[in-house]
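The same subunit A turns up in both complexes below, where it pairs with subunit B and then with subunit C.
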Partner chain A sequence: MSETLSNGHLDSLLRGQSRLPSSARGWLDALRADALEQANALSVPTTRDEEWRYTDLSPLYQKSFLPAPSAGTVAAQALDACLLPEAGCRLVFVDGHYAPRLSSACADPALGVTSFSDALAGQDPTLQANLARHAPLGADTFVAVNTAWLQDGVQVRVHAGRTAAAPIQVLCLSTRPDVVAYPRLLVVAEADSGCTLVEDYVALHGGEYLTNAVTEVALADGARVRHVRVQRESTSGFHIGTCGVRIGRGAHYLSSAVALGARISRFNLNIVQAAEGAESTLDGLALIGGRQLADMHSLLDHRYAHGRSRQLFKSVVDDEAHAVFNGKIFVHHGAQRTDSSQQSRSLLLSPRARVDSKPQLEIFADDVKCAHGAAVGQLEAEQVFYLKSRGLDEAGARNLLTFAFAAEIVHRIPLPSLAAQLERIVLQQTQKQTSDRNRP
Partner chain B sequence: MSSVLQNLVNQPYRHGFVTDIDADVAPKGLNEDIIRLISHKKGEPEWLLEFRLKAFRHWLTMTEPAWANVKYPKIDFQDIIYYSAPKPKAKLASMDEVDPELLRTFEKLGVPLHEQKALAGVAVDVIFDSVSVTTTYKQRLAEVGIIFCSMSEAVRDHPELVRRYLGSVVPYTDNYYAALNSAVFTDGSFCFIPRGVKCPMELSTYFRINTQESGQFERTLIVAEESAQVSYLEGCTAPKFDTNQLHAAVVELVALDDADIKYSTVQNWYAGDENGVGGIYNFVTKRGLCKGVNSKISWTQVETGSAITWKYPSCVLLGENSIGEFYSVALTNHHQQADTGTKMIHVGRNTRSTIISKGISAGSSNNSYRGLVRIGGKADNARNFSQCDSMLIGDRCGASTFPYIQVHNSSAKVEHEATTSKIGEDQLFYFAQRGIGTEEAVSMIINGFCKDVFTQLPMEFAVEATKLLGLKLEGSVG
Partner chain C sequence: MTTKTILEVRDLSASINGVPILKGMDMTINAGEVHAIMGPNGSGKSTFAKVLAGHPAYEVTGGSVLLRGQDLFAMPAEERARAGVFLGFQYPIEVPGVTNSAFLRLAYNTVQGARGRDELDPLEFDDFVQEKLALLEMDPAFLDRSVNEGFSGGEKKRNEILQMAVLEPMLAILDEVDSGLDIDALRIVASGVNRLRTADNAILLVTHYQRLLDHIVPDYVHVMDGGRVLRTGSKDLALELESRGYDWVAKEKAGVAA
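Our next item is the complex of A and B:
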C-alpha cells in the first residue's frame, strides 16, 4: 500500500477540522488541538504496523469521508425497530451526532445522563477528569482523529452506591452513505455502583461509510459494569471502534462484544486493571461471511496484585471472510497473584475462510497463574456423526453445532430481547450456510 | 524462596578459558575484499564466491531487524574479525598429532576425544574456530555411503551436492543475519545420507568460539535422501570473554521422501556475568525443509547460554504427510535475553506439526516464545498442536509468549496452549516433608517441567542437559 494513499486518507479525515466551532471550555479546545497534533504525528496504520498486520485498510484509504454536518432524519418506525424493550434509558447518536430529540429522558435516580455540551455548561468536573484519559491519544490514530473531531457526546454517571434499575441503550445509527461518524461515550461508574450498558451500531442504508467510535468506561472501587457491544453495520461500511476501560479496586467489568456487520471492522478493547483485586470478564463473538473482515484486539493490563481476568473470544467464519484476533495480557512487575486466562476459538465453515490469531502473554511477576489457548478448526466429524445417529440429517447436525458454538456467547448477554435477536441472526447465518452447501 | 534458588542460578561459568593457539586472523571489518580473502583462503570455486558476493550486496541493502523482544547495543559489523583459523598443519595421521593445547581444551570441556571413540559410537567433527581440525569415524560412515565432513571439505570434494542444496532452504535473502552468514561463513558441517541409508550412529559436532572478537559464522547443511535417517547432535560451550561475540549461524536441513532428520542442540555459550556484561549474541537461522512425502524433521533444543538468543528452528512442510516437530527448553538467568521459538509452515496436505516449548526465567532475565503456525490454503487436513509453558523464578524476570496462528484452510485443526507457573512454596514444602532439600527439589521440579523435551534428546544429551539445568540454576531458589 502506498504511503501517499494512506497519508492522503488521514488528510481527508482531518479536512475541515479547523472549522470546528470552539467549545465553551478552553480545555476541550486544547484537547482537540492535542489530538490533531497526535493524529498527524502517528499517520494511519498499514499492514506494516504489527498491530495491523492482518487487517489491510487500503479499501478504506481509497475512500474519502467527511463528517455529516448534522444528524439525519430517522423515521420513527426505523428507530422503534432498533429499540430494546428492557432499556430504561435510550441515547441515540445519528451519523455520529448525539440526538437528544430521539433519546429518552432518563428518570433513574441512580443515573446522571448529560450531553457533553450540557456538562461543559455546568460545573461538573467529571468530564474533564475522565475524557481522553482512558482511551489515550498517543497510541492510536483513530482515537486521536475521533478526539480531534469531538463536539458532542454523552456522559453517563452512575452514582456511588446505586445500581441502575434497567439497562442503558446507546444506539448509533448511520442514516446516509459517504460520511464518517464519530460517536463518543463516557461512562463513569462511581464507587460501588452498577449498571448495564448496551452499545448498538446499526445502519439504515447499504452504502459506504465509516464509523470511528470511542467509548471510555471508568470503574471506581467496587463498581460493576456490564457492557454489551453489538456491531451490526452495513456490510459495505467500515467500523473502527475503541473502548478504553479503567478498573478500580475490587471492581468488575464484564463485556460482550459481538461483531456481525461491516466490510472491515476493528474493535480495540483496552483494559487497565488499575488497582488491587480488579476483575474483568470479556466475551467476544464474530459471525462473518462474504468478504467481511472482523478484527478483535484485546489488551489486558494487570498492573496490581490479586487481579483476575477471563476472556473467551469466538469467531464463526464463512465464505471468504477473514477473522483476526489479537489478545495481549500484560502482567506487570508486582502484580502478584494475578489469575488470568484467555481462550480464542475459531470455526471455519468454508474452504476459503481465513483466521489469524495472536494470543500473547507478557509476564513480569512470578506468582501468577496465566494461561491462554487458541484453537482453529471445523466442526468435529464425531459430533456430527453423533447427532446423525440421533436422527438429525447432516445439515441439521451442522446447524445445531454451529449454533451451539456461537450461542455460548450470546446466551451470556443479560438482555433477553437482544439475546433472542442475536440468536435469530446466528440461526439465519447457519441456515444460509446449509442452503449454500446444498446448492449444486 | 530465595537464597537457595538464588544460589542455584549464580554458578560461575565452568567452561571459561581461552586456549592460546596461533590463529591466522584476517583484519577487522567487512567488505568485498574480506569476502574474496575468505573465499581465496579456503580455495573455493568461483560460484561460491559469487554466492557470497551476491549475499553481501543484498545484506548491504537490509536493515537490522528490531522486532525481537531483546535489547542490546548496536553491533558494529566493521569491528569484527570475519576469518580466523588455527595455523594450517600437515595432515594428522593420529590423535597424537593433534595440538596438545587443543586436546587439553577438550578435556576441560569434558569431551575427551579419544574416549569418544569408545563412547557409544559417537562421531565428532570438531569445529575449532571455524576450521575443522579432526574428524573421527569417517571411515565407518563412508562404508555406508554417508558423507560427514566440514563444509570446506564438502565444497572441495562434493561441490555438486553443496551447490545443489546450499541456500535452498535458507536463501541469502531470507533475513539480515542469514545474508551476513551467506557472505562470510567460514566453516561448518556437511552431512549427506544417501537413499535408503539409516545412519548407524549419532552424528555430533562441538562448536567452540575461541579467538576473541571473532564472530563465528557456521553453515551447516544436512541432506537426507529418500528413506534416509539421521540423528544429529550439536553441543556448544564457549570460553569466557568480556566483549560480546556475535554468532550468526545458518543450519539447513533437507528431507526427501520418507526421510527422517532429528537435530538436537545443547547450547551453553557464555551468557555474560551476573551483571549482564559480556556474553555471546546468538542470532541463528535454522530451518528444515520436508521436501518429500512422509518426510519428518524434528528439532530439539536446550538453550541455556548466550547473552542474547534469537533463534527459530523452523520446518517447511512441503511434502504430503510430512511431519515437523519442535521441542525446546530455554533457560535464562541473570541478564540473559532469549527470543526463541519456531515456525511451522504447512504447505502440503495432511501435514502435521507439534510444538512443545518450555521457558524458564530466573534472575533479571527475559524469556520469550515467538512462534508461527501457518496453514496454507492447500494444506488440507493439516494438524498442529502447540504447548508453550513458562516458569518464572523470582519477581524480576519476565516471560512472554507471542504465538502467531494463521489458518487459511478450513479443514485444518490448530490448537495452542500456554501456561505460566512458578515453583510454589507448597511444592517445596511437600518435598521438605519428605526430607528432600530445596535445591534438589527445585532440580526435580524443573526436570519434571522439562520432561517432555528431555525425553526427545538422545541419551547422552539428556543426561548432559539435566546436569546443565541444575548447574545453571544453582543458587537461584531458596
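Our next item is the complex of A and C:
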C-alpha cells in the first residue's frame, strides 16, 4: 500500500466537507481540530501494521465515499421491521446522522437521552467530561476521523442508583450507497445504575458504503451495562467500529458482539478496567461466508486488583471467507488477583475458509489467573456420528452442530426477540451452507 | 431365520485403519431376548457394537448382518437408527448449544416420521418425555441443559437410556452402560432398561462386569476374544467368568480346536 494512496483516501474523506461543523462550545471545535490533526498524522493502516496484519483494507481505499449531507428518508415499514419490541427507547441514526424524528421519546426516569447538540446547548458537563476520553484519538485513525467529522451524536445517561426498565435500542441505518457514516454514541452509567443497550447496524440497500462508528461507554462504580452489538451491514458494505469502555470499581460490563454482514468489517473493543473489582464478560460471534472478512480485536486492560474478565469469541466461516480474532490482555503490575479467561473457537465449513486467531497476553503482576485457548476446526466426526445414530441424516446432523456452535453465543443475548431473529439467521445460513454443498 | 429373528450376524469381520479387529463374528438375536457380550479389553466387544451402529471409522471387510432380513450394511447410520437400532454410547458425546429437550424431540420426530408415525408438537412431546424421565428418576431440569454438557458420568449414562426410552428401538445395543455408575445409579439405569424390555424388542449388553447382569438378566452370555465369540452360554456363564476369569475359555476353546 503506497503512502499516496493512503493519503488519497484521507483526502477523499476530507473532501466531504470543506469546513468542520462548528459548535456552540469551543471545546468541541478544539477536539475536532485535534482529531483532524491526529487523523492526518496517523495515516491509514495497511497490512504492514501489526494491528492490521490480517485485514487488508485496500478494497476500501480504492473507493471514495462522502458523508451524506443529511439523513436519507426511511419508510415507516422499513423502520418498523428493525425495531425490537422489548426496547423501551430507540435512537435512530440514518446515514450517520442522528434522526430525532425517527427516535422515540424516552420516558424512563432512569435515563437521560440527549442529542449532542442539545447537550451542548445546556449546562450538563457529561459530554465534555467523557467524549473522546474512552475512545482516545491517538490510537486509531478511524476513531480520529469519526471524531473529526462528528456531527450530532447521542448521549445516554443512566442516573445513579437507577436501572432502565427496558433496553435501549440504537439503530444505525444505511439508506444509500457511496456514503460514509460516522455514528457516535456516548453512554454514561452513573454509580450503581444499570441498563441494557442494543446497537444494531442495518443496511436498507445492497450497495457499497462505509460505516465508521464509535461508541464510548463509561461505567461508574457499581454500574452494570449489558451491551449487545449486531453488525448486519450489506455484504458489499464496509464497517469499522470501535467501542471504548471504562469500568469503575465493582462495575460489570457485559457485551455480545455479532458480525454477520459487510464485505470487510473490523470491530475494536477496547476495555479499561479502571478500578478494583471491575468485571467484564465479552461474547463474540462472526458468521460469514462468500468472500467476507470479519475482524474482531479485543483489548482488555486490567489496571487494578481483583478484576475479572471472561471472553468467548466464536466464528463460523464458510466459502472463502476469513475471520480474524485478536485478543490482547494486559495485566498491570498492581492488578493482583486478576482472574481472566479468553477463549476463541472457530468452525471452518469449507476448505477455503480461513481463520487467524491470536491471543496476546502481557502480564506484569505475579498473582493472577489467566487462561486462554484458541481452537480452529471442523465439525467433529464423533459428534456427527452421535447424532446420526439418533436418526438425523448427515446434513441434519451437521446443520444442528453448526447451529449449536453459534447458538451458544446467541442464546446469551438477553432480548428474546433479537435472539430469535439471530437464531433464524444462523439457521438460514447453516441450511444455505448445506444446500450449497449438496449442489452438484 | 425365524420371524422372531431381529439380528443375524454371520462370519463378520471388520477393521479400523487397516487393522483387523473382528474376525468372524456369529450371533443370532431374537425378539424378546437379552444378550450379553463379555470379554477382556481389546477383544472386539465395543467394535462390534459400533460396527452394528454404523460408526464411520470401521470398515466391514467380510460377512453379513441382517436386521429383520434386511442387509444392515446397505443402510447408513441414520437409517439403521430409524429402522430401530440404538447404540447407547460408552462415552456419550457432548453437544453444547443444543438443549436435551430439543434434541430428544428432533430425534424422536425424525425416527417417528421415518416409521410412518405421527410427530409430536413441543407440548405433546413434553408430556411424553416427562413419563420417560420418571422412569429413570431424572430431574426435569435435565431437559433444559445442553446435551451431555457438564453431565457427570452417571448422568450421561442415564441420558443415554432416556434417549433409548424415547426412541423405542427394536434392538438396543448398550456399550458398557454400567461403567462409571455407582450402585444406586446402576440400579436406576438397570430398572429403566428392564421396563423398556418387551416381547418385540431385544437388548445387547456389552460389559466387563458380571454385576450388571445381576440387574439386567441375560438370556445368553457370549464370551468374545480375538474378534470372535469363543463361547455362548446361559447367565451362569457370566458367574463362571467372574470366578475363573477369561483365560480358561480361550484355553478350552484352543483345546477343543486342537
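Criterion: the second predicted complex is superposed on the first by the 436 of 440 C-alpha atoms of A that agree within 3 Å, B and C clash if a C-alpha of one lies under 4 Å from a C-alpha of the other, contacts with A are read in each partner's own complex, and residues count from 1 in each chain.
Criterion: contacts are C-beta pairs under 8 Å (C-beta built on N, C-alpha and C of every residue); 3 or more make two chains touch, one makes a residue touch a chain.
The model shown is predicted, which means the values in this text are computed figures rather than measured ones.
Following the overlay on subunit A, a side-by-side fit with no clash is recorded for the pair subunit B and subunit C. Once both structures are fitted onto chain A, a short way to say it is that subunit B and subunit C open up an angle of 70° at subunit A, using Cα centres and rounding to the nearest 10.
When the shared chain is aligned, subunit B comes close enough to touch A:374, but subunit C does not.
In the superposition on chain A, A:63 contacts neither subunit B nor subunit C. Of the two partner chains, neither subunit B nor subunit C is touched by A:176. In the superposed pair of complexes, A:351 makes contact with subunit B only, with no contact to subunit C. Contacts of A:362 after superposition on the shared chain: subunit B is touched, whereas subunit C is not.
More residues of subunit A are touched by B (comparison of subunit B with subunit C).
In the superposition on chain A, A:336 contacts subunit B only, with no contact to subunit C. Between subunit B and subunit C, the shortest distance over C-alpha atoms in the superposed arrangement works out to 15 Å.
The part of subunit B that touches subunit A in the complex is made up of residues 67, 375, 377, 390, 392-422. Looking at the complex, you find that subunit A touches subunit B at residues 50, 54, 333-334, 336, 346, 348-378.
Note for the complex: subunit A touches subunit C at residues 380-383, 385-394, 396-397, 400-401, 403-408, 411. Contact residues on subunit C toward subunit A in their complex (touch as defined above): 53-57, 76-78, 80-82, 86-87, 89, 92-93, 95-98, 103, 106-107, 110-111, 114, 146, 163, 167.
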